[in-house]
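Each of the next two complexes has chain A plus one more chain, namely chain B in the first and chain C in the second.
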Partner chain A sequence: MATTTATVSITSSDLTPGSPLSVSASTTLMQAGLTTGLTQMETGVIDLAVSTEFRIGPLATQVSGSAHDIGSYLYLCNKSTDGTYWIDWGIHESVIGLLYAGDWMFIPWNASDDDAAIEIQANTGTNSIEWAFFNSNFVLPTDAG
Partner chain B sequence: MATLTPTLTLTSTDVTSDELNFSVTDSLTVTGDTVSLSRVALSTSDLTLFASSSYSRSYVYLKNLDNSIAMDIDFGTTASFNLAAGEFAFFPWHGSQNILAVADSGTPLLEYALWEA
Partner chain C sequence: MATINATINIGSDISSYPISISKTMTMNKAGTSTGLDETLGLKTKKFNSTVAAEIATAADLTNAKAHKLYVRNASTNKANFFYIAYHATDAAADTAEVIGKLYGGDWMLMPYNAATDINAASSTTSVQYLEYMVFADGVVEAIG
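Here is the complex of A and B:
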């Protein structure tokens, strides 16, 4: 099994005068409920035109076994350089947040059902989106049609 | 107005034949409220961590400090993800629905922070 490690650090020298912020957290990407690492990784870059929706990762019905037990992780980065460009990200039809040019995010995600799909949509311009998805037991569709 | 610098690093020597060693950073401007790094013991009842009525567009950091118990992070009533033991998340939040946290069992500790853009 693969060992993949994610580390986040968050720093600020001027958020609180006299008390610099320095947070660090690290986790090994594991299969849900297990001590074995995730085995599969998909990465890509897409140019997302304004008003276009894009689904990241598989639907729950494309994941074998009990979907609730599939641990997954999602990385998204808006590589656009125009500061007025942004996309929204959400779970199914619920918009959770806005990812502006240069911003990134990293979350665990469990494919509880098809309505838990991660979706992004560009709202200004054509955004260049870098993404990576880590999981296990993702079954590639047998019928591309 | 302050500057927040988040950095993510992803590494693996064996997830593919091509070693993964990747880092991305950002420079975020914090203009509004801040919830400094804090900890709370969850229960199996919903806890409103961040109310949409109190915050606008923000950046959120969450980490499950427990070594065995998972927790659900809910966005209103229709969307959620599961934060397993030891896992963290960093994401932008629109502030359009409450963020709630609930333990799968027991009283695991959640570490959290918020910075309003």
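Here is the complex of A and C:
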């Protein structure tokens, strides 16, 4: 069984004066609802030209057919160095955030419906983007609740 | 101006060649090299129902900026999770747009444009704790 771990550390000595910020977390990424490690991954690097859209990872329909609600994880990094460069990222047609040069993000993704693909679009310049996507095909049968 | 650094490390042996990702970012205001200097604070919320709760309020933040949202499922049970959704009122399996499911111990850090609220809903009526923090690129002043 494969083991995939993701850790984060967020620090600041001056965001809240007198109370340095130090937040950290670590998790082992598992198949949805299980304690079994993920089994699939894909990685990539692209140069994304301005106004160009790109889908990151598989189509929602490719992940689990008509049964969605899986567990998977995406790391996405804008490797551009010009601080004015940015891409927007979203799911389906909803733009959720702006990923500027030098920024990274890490999210779970559950492919909630057929249209729930993760999409990015460059808005200034040609952005160098890298990503890693981790998942498995296991489908949680029903909500635990 | 403050300096906020966030470092991610990912290691995996899924493939025959080991994956090792390490990256540090400094959280800056949109399109500048000026650090973010506002936060709505680190919060911990107890959930004991499946009713959605707002964890980031778009109206509190300047729209279309480089906000960051950190969220962690502070519980340890890998059978339970939180739906995290980019939606004004809801978070459930079929909510558009659900971002993903945050299982026990899982965390996420994402850029957020504050055009719509972020909601979280527990998958269970058992007690789960969610920890979250907004790093803001502009907080809208409250109207008294």
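We take it that the second predicted complex is superposed on the first by the 132 of 145 C-alpha atoms of A that agree within 3 Å, B and C clash if a C-alpha of one lies under 4 Å from a C-alpha of the other, contacts with A are read in each partner's own complex, and residues count from 1 in each chain.
Note that in this section a residue touches a chain if its C-beta (ideal position, glycine included) is under 8 Å from a C-beta of that chain, and two chains touch if they have at least 3 such contacts.
Remember, predicted model here, so these are calculated numbers, not experimental data.
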Once both complexes are superposed via chain A, do chain B and chain C end up clashing or fitting?
clash
Touched partner set for A:103, first chain B, second chain C, both or neither:
both
Looking at A:6, would you say it contacts chain B, chain C, both, or neither? Reply first, second, both or neither.
both
Quick one: is A:18 in contact with chain B, with chain C, with both, or with neither? Answer first, second, both or neither.
neither
When the two structures are overlaid on chain A, which partner does A:77 contact: first (chain B), second (chain C), both, or neither?
both
May I ask you to decide whether A:34 touches chain B, chain C, both, or neither, giving the answer as first, second, both or neither?
second
Chain A residues touched - chain C or chain B, whichever exceeds
C
Could you tell me if A:91 is touching chain B, chain C, both of them or neither one (first, second, both, neither)?
both
Show me the chain A residues, by the header's touch rule, that chain B contacts in one structure and chain C contacts in the other.
2-16, 21, 23, 25, 27-28, 30, 32-33, 37-39, 41, 71, 75, 77, 88-92, 94-100, 102-110, 112, 116, 132, 134
Given the complex, residues on chain A that touch chain C span 2-16, 21, 23, 25-30, 32-35, 37-41, 43, 68-69, 71-73, 75, 77, 83-84, 86, 88-92, 94-100, 102-110, 112-113, 115-116, 132, 134, 143-145
What part of chain C is in contact with chain A in the complex they form?
2-15, 19, 21, 23, 25-28, 30-33, 36-37, 39, 42, 50, 64-67, 70, 72, 78-81, 83-84, 86, 93-103, 105-113, 115-116, 122-125, 133
Sites on chain A touched by chain B in the complex
2-16, 21, 23, 25, 27-28, 30, 32-33, 37-39, 41, 71, 75, 77, 88-100, 102-110, 112, 116, 132, 134
Residue numbers of chain B touching chain A in their complex, please.
2-16, 20, 22, 24, 26-28, 30, 34, 36-37, 57, 61, 63, 75-76, 78-84, 86-94, 96-97, 113, 115
